[in-house]
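Let me give you the structure first, and then I'll get to my questions.
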Amino acid sequence: MNFLLPRTMGGDPADFIAANNAMGSPEYAELLRAQFGLDQSIFVQYFSYIRELLHGNFGISFTSFPVPVSQIILKALPWTLLIVLTSTLISFGLAWVFGTLAALKKGGKLDTIMVGTAFYVQSTPYFWVAMMIVMVFGYYLDWFPMAHALPAAMGEVSNLQFIGNVFYHAALPILSLVVISFAGRMVVLRSNVLQVFTEDYLVLAQAKGLHRRTILFRYAFRNAFLPSFTGLMLSLGFAVSGAIATELIFSYPGIGLTIMNAILSHDYPIVQGCFAIIAISIITMNFLADLVYPFLDPRVTLD
Amino acid sequence: MNKKEQTQVKHKSDLRMNFEKYILRNTRAKIGISIISMFILVAIFAPLIAPYEPKAIEFMAWEKPSLKHPLGCNSYGQDIFSQVVHGARITISVGVLAGLLTSFVGVFVGLYAGYKKGRVGNILMRIVDVFLVLPSLAVMIVLAAFLPSMGVINMIIIIGALSWLWMARSIRSQTLSESQREYVFAAQALGKGDFEIMFKEILPNIFPVVTANMVMVITMSMLTEATLSFLGLGDPNLVSWGQMLSIAFDNSAIIYNAWYWMLPPGLCIATAGYSFMLIGNSFLDIYSSDRGGAIQL
Amino acid sequence: MNNEVLLSVKNVDVEYEVDRGRLKAVSNVSFDIKRGEFFGLAGESGCGKTTMAFAVMRLLKGMAHISNGEIVFNGKNILELGSESLRQFRWDQASMVLQSAMNNLNPVMTIGRQLADVIVAHEGKKTKAALRERIKKLLAIVNIDESRIDAFPHELSGGMRQRVVIAMAMALKPDLVIFDEPTTALDVVVQYNIIKRVIELKESMGFSILFITHDLPLMLEMCDRIGIMYAGKIVEVAPVEILLEGPAHPYTDGLLKSFPSLVGPRTKLKGIPGSIPDLITPPKGCLFKNRCTKRTKDCENDPVNEKLSEGHYVACFNKLNGIM
Amino acid sequence: MSEKALIRFENVDKTYTVGSLFNKKNIHAVKNANLNINKGEILGVVGESGCGKTTLAKLLTNILDISGGELYVNDIDISKMGKAERKKFRSEVQMIFQDPFGSLNPAHRISYIVGRTIGIYNPQFTAVQIREKVKDLFTIVGLTPPEDFMDKHPNQISGGQRQRIVIARALAVEPEIIVADEPTSMLDVSIGIEIMNLMLELKEKKQLTYMLITHNLASARYMADRIVVMYGGTLVEESPTDELLENPYHPYTILLLESTPEPYKKDKKAIEAKEDPANLADPSPRCMFYKRCPYAMEKCRKEEPNWYQNGKHRVKCFLYENIDGPTESLVNIDVYVKKETEAIDY
Amino acid sequence: NSTDKSGDKSATSEQDTKTGDDDSKSTDSGGSDSDATQAQSGGILRIGDYVLDTQMNNKNPYLVSGVWVFAYPFQYEKLFYANPVTGEIEPALAEEFTWNDDYSQFTSILRDGVKWHDGEPFTADDVVYTYQNLIDYPVLDRYGIGKRIKSIEADGNKVIFNFNSTFTAFKNFSTAIFIVPKHLWDGNDPSTYLNEQPVGTGPFMWTRYNTGVDVEFTANKDYWGGTPKLDGINVLMYNSAPNLTLALLKGDIEATSGAMAMSSAPEILSKDNSNIQLYSGQTNFVIAMNNEKPGLSDPVVRQAMVMAVDRAKLIAKGEYNAVSPVSLGWLPDLFGDVVSDEANQLGQFDIAAAKQLLEDAGYTLGKDKIYQKDGVKLSFTYYNASGAPAQQMEAGMVQQWLLNLGVEIIPKLATWPELIGLGMSGNYDLCQLPVAFPFDPEAALSSSFNSSMTAPTGELATGTNYFRYRNVEVDSLFEELGNTIDTNKRKELFHNIQVLVANDYPFIPMYNIGGHIPYFDDEFGGFPEDRPIFESTQSMINIYKK
């Protein structure tokens, strides 16, 4: 499917390149097609794709011929992972804390405001939030850089400076992702906590005369976290979707942007490669989650 | 004859009962409904409300808000207020239609896979899982690049094609648990057909979930429409809120301080989506408390 | 058993705020439990038993509140306790075992930790070894092997989980243990075993028990005294022997005659037709009058609690058996 | 009885497959069940939770397919029915469920719930006819006047009334056989006894055959002509009701009897038994009760006992293996009597 | 090294080019000589470009895909340089050239003292090697030069090209071929060589690429044209034109490579010290008309449609006057004196006249206010790029104008590759797309208007004659042009062709895309005006920090 999906797009990449560079010469397009291996039948293409995939190759990009797709993806992936993972962790942590606070004071002022805001933010177009963030923090206030993952002409710097720079530049993209994903997560965690509050063991914990702190941290917090753990891993797939707009708006060199451009220029190998990588990483994440889960929840066993 | 009439009357009162139950009793639902009705009214009477033709390139570019142009003019010299008013039409109808399409497919697949299980159901769910692993926005972009250009219909199909996945999943899990309930066994023991059980027995019981899901999908559809437009995959011949934002971004509205161009469409999307979410959420609340859900402690 | 009153519930009302108005789940309920007594509370579903028990633990929250009366425990009105003294009161003096064994324990903590929590919360920090020693002993009293101390709840059977909760309830040697339908989810055999054990513990420790169940035969076999609740009110309180001979209230009588028996002739039983009135808009007078075979026009008034003999109270105008 | 029984279970097995792809387990919920039910009889099935009672009921009503053996109703093998036969079968065998709250679809009015059932089997009926029929049924199950109930939703009536609707729905197809799975366990006793009375009454009126499932021996005694005791997926004992209570053969039956609270029985001894739930996932042949049985022998762990039969009373237990002819129970209650324990302190 | 200024004069029959360096330096630095001297201290100019990481992997100037074209002119040079601002061809690595009589042999005399960035001397062998690759690897040869070359010989500082036949346009084409160093390339397959560390002869050397952020270039002190005044340049990467504009206005960069949101032009120009350099380029944006489709096959209809479009307003509203107009004669200013003014005057906006034209030709307005004749209704599909809002806005304007005329438009969207596909196959009525052409007027015209460069609708065109334009007269002029050597005669032929084509109205002109380079000159000076700021090696060396 990875293979077919991009190929269903209309238009021929070789014609496109030829038209833009060689007065649309069909002979030239034909030469390009041969170079890309697009002159063979779709089956031959498919089998060579599979063969290469088994060797860990994703083929060679058309639009940046003759660079291997894996090289392109490997360069982009870390940046996307950085912002996606960091923002997921931050938003999850915040959501956890605020979700619990809101649940504790269900119906209270904080709760009403938090939940209302969360709903509202959830229905806000993501890219718009990002745009507003660029506008305010990047352009007008100039607190953070508006683009790039690192400063221009950075030169040699110490590791610490390097990391500092990385996060200084990732701040706005991460902030925008956090703002958006925080809302949804908070609502979910809040209702998880509320759900846990209705459990008999929590009633019993109260009856036991435990300190409020103990009830909250030992009994409510952890149990409320569990149901959303697997969801957390799955949500990374969405986060990548979110990354497309982020990277576009923040000129951030990640994989979302790579996909977007590859699709627009019909560069099948890159599209295929990105989809494969994303699918593989999400599947791996889920697998890891399944491995870790038994340690968090003793009810689940590993077998 | 008489009987039939009677049952119809009954039916109505049933609807009214549900209406009262789900909507009137719930403040949040009331707020949601009123906001959304306002938007729908604006959409319907757009030509009467909007002072100008939304696409007419008649005025000075970058005009600031004034009495003549409440929200100023955009970079081409189009009246932004008129565009916002007309945008309600496209954005909301894309949302609603995509929501309906999604619900239709999602409910069918979800019910089928959840109740009948079997091979077809399993394959369907496999497909759902496979697609869910891919970043949906990217797949939508591919689809957008693939489908022949048909404007709004295109947009609706693209959004619908992917958002039914979640819906099918949620309906399926709901159906799975519902089909463990004894009334389903009872229906089976009575010899009712599969489709009667799926649609007449199970569906009415998960209806609030369906509705809530649908409402969420509507919100998501409006957001997706905006995002796709922003990425340049929308239909430029239509004025939608997403399209407006897209053009605002592309034309560097930021450097012109054109908040009057960037804020209103975004706020409209958020507000409309918010009101849909309110409705959906209050449905779910009532549903779960109907099922003896959370008892407060 | 001595005659010292441990718990005295006086004219307690509990109301729930619901959509349609106020639901009086417990109204004007009074009863005493003596030190060392095994007191049962029986009645149809929804008659307010759990609400009553929660009121004694002051666990009612949110939409429920105790609108009237007092609950005197060991001479102190617990409705006046502040939050810290309430915390200390709970479990230390009165502990509770809830209905379903499955959900009483936190699924992600070992039972040892959960037992330790109780002890630490009330007796302060202790060394690990001392705690474990204490917990092992506790498990032993409910016949659970000490090797299970680090087990998670899901690794135990339903009966064992219920035993763990019982051990937990005993941990601080409280004066009162409340059982709210502790065994309905369990099989008769297991239920029988557990309750016998509880009685043994009670005998040697001397605490009192408030036992709530639907299962009247069980109660009759185990309890010293039984309160029968109907629609939020206690209609009769009587020692078991009196009930077995013949109750005074028509409702109690109907209830006792609803249970088929394993012995005696296989006669046809009658049951009690009808159902509990709506507690939000209760009818005037005796709440049972609509289902009562002995109904007279007196029943349009509120019946008052009458003491018939030591420990036997009834609220009815048309008492049975001529006991007077 | 020389004639063939109305319902015959012949070596019926049912296994559920559970677990994930890599970790499949088979749960043997019903094992090698042999059982006859005669026309007009009430058969009680008792046993602890999870021993397979509901499964047995669902097999008989064909909600579940059997995994092995044969199950005949009216001499038709119900696992091999065609479409028409199945429809006829559905009108012969009806089920009443444990949970009156769950077995009525909350989305429909009760008149629809019952009426639709009539409609399925009587497509020729007009709406008016159906309504009349529904009213009749409501009257039969004691919901009078029927007009008061017709247009209500299940959640607007009480539990006892709901269970009456369930019975009315079952009667709507005029069945021969009714399988009742703990029909009163969710109801208050005072209500439950009325339902039992109603069922008994209907049995006389309509010549019904019942399979009544309960975990309460006293209820079984109240209703049933004959009682089957199940343990761990197997039928361990079967006997006419009075005989079973007087002269229980199986160690488990006796444990069950002694553990059932009975305030009116004098001189009850305190008993104690091991708790060790039967493992239905273990496929090896054995007596399922051996772990808890005070009489357990080496054999019990390795083989499955055969039926020992004494007239209409039969048992699956190795204690009776070598007995010919009628016998008294070989199980003494004293094996369960609790030993004195020393004073407890902690 | 940069002493040999005399060589700047070209020895061709074309008029003298100005000797760029000295003149432009003196004009640009004008009254600020003190600044210019300070400039020796260096400074790094920051330029923003719309470029992606995927374009940074491959620095092979032969390749067309995945490369970053903007960076080549700093590093590599060609034999000659085509200046789009003046429309002239200037000497670069070749100082002079000579043709033989029938224009089948071209001799270029190379500049002395040129060195590669690694210090190796630049020789005739490098030029031979570069061109030989075009012959050996057709996939590198997008203009099909290789197949017209018979042989290439090096002779001291001369390179002699022998052609199969007359090849007057060779010099023009040579402005598109970057010369690569043989000593580093030899032995690699140039069609897949990534050229990780580019080594050229230009004024700036590739120093470092910081992934996804920027590329640093350092000045080549040994540059033959003089040591650049800057220490280096730094090109920052951006993902979109609006982001570039933002960065420019925020001051993160001093100039952009040319990519910018057109709508920001007025705002940029309103700032102090801001400039936008405009020049025409090698891409015409047009609304292609399929001359074979019913209705469109009538030249009168085409003419009326051209006249219905207000090109000036289109450029003003749609592109904020940051582009130059396209003439119906096709050739933009950069071709200098071969451009026909007469063709440029045709098809002026006049809806009334356009309507009259249609009426005169027998078209009548239907009930729906759409013209029709003989059952043919003037109703056309109009393909347009998705994902390009400005394009779409312009399409909307055009649609309105055509509607005013009485022509119905059914708009449709397609992705860029699909649009090109439609153009090639001719499966369209109207299609709004860019058409690129090389720096050779003959090739530019022929590729789009020679009937041999098209194919019947449904088949793929062999060139960019997407219009299905066929005119026997034009074809014969092309043939004549191919056999004509005389410059003046050729000029006349060019004019005639343009006028003929223009009178057939085969397309609706929109605008020409060339350079529109915004820059701020508050901190840097020396930006040239007579040549593109970045595209020309010569201009880059004079920019200095104030």
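Letters are used for the chains, namely A, B, C, D and E, taken in the order the chains are written, and counting of residues starts over at 1 for each.
The definition used in the following text is that contacts are C-beta pairs under 8 Å (C-beta built on N, C-alpha and C of every residue); 3 or more make two chains touch, one makes a residue touch a chain.
Every value quoted in this text rests on a predicted model; they were computed, and no experiment measured them.
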| said: Starting from the defined contact criterion, work out which chains touch chain B and chain E both, please. | reply: A
| task | Could you tell me between which two chains the number of C-beta pairs in contact is largest? | result | A-E
| note | The distance between the C-alpha centres of chain A and chain B, rounded to whole Å, is 24
| said: Distance between chain D and chain E based on Cα centroids, please, to the nearest Å. | reply: 89
| message | Using mean CA coordinates as chain centres, what's the gap between chain C and chain E in Å? | response | 92
| request: Give, as an integer number of Å, the spacing between the C-alpha centres of chain D and chain C. | output: 31
| query | Touching two or more other chains, which residues of chain A qualify? | reply | 9-10, 134, 139, 203, 206, 248-249, 264, 266
| query | Among the residues of chain C, which ones contact at least 2 other chains? | reply | 59
| For chain B, residues contacting two or more additional chains | 145, 231, 249, 254-255, 296-297
| For the complex, which residues does chain A have touching chain E? | 9-13, 15-28, 31-32, 34-35, 61-67, 71-72, 75-76, 79, 134, 138-139, 142, 145-154, 247-249, 251-253, 257-258, 261-262, 264-266, 270
| said: List the residues on chain C that touch chain D in their complex, please. | reply: 44-45, 134, 137-138, 140-141, 157, 159-160, 170, 187-193, 196, 200-201, 204-205, 214-218, 220-222, 240, 244, 254-255, 258-264, 266, 268-273, 275
| said: Please output the residues of chain B touching chain D within their complex, sorted ascending. | reply: 3-4, 7, 10, 181-183, 185-192, 201, 204-205, 207
| query | Given the complex with chain C, which residues does chain D contribute to the contact? | reply | 48-49, 158-160, 188-194, 196-197, 215, 217-219, 221-222, 245, 255-265, 268, 270-273, 275, 277, 338, 341, 343-346
| request: Would you pull the chain E residues touching chain B in the complex into a rising list? | output: 240-242, 245-246, 249, 261-264, 266-267, 317-318, 384, 386-390, 392-393, 395-397, 400, 411-415
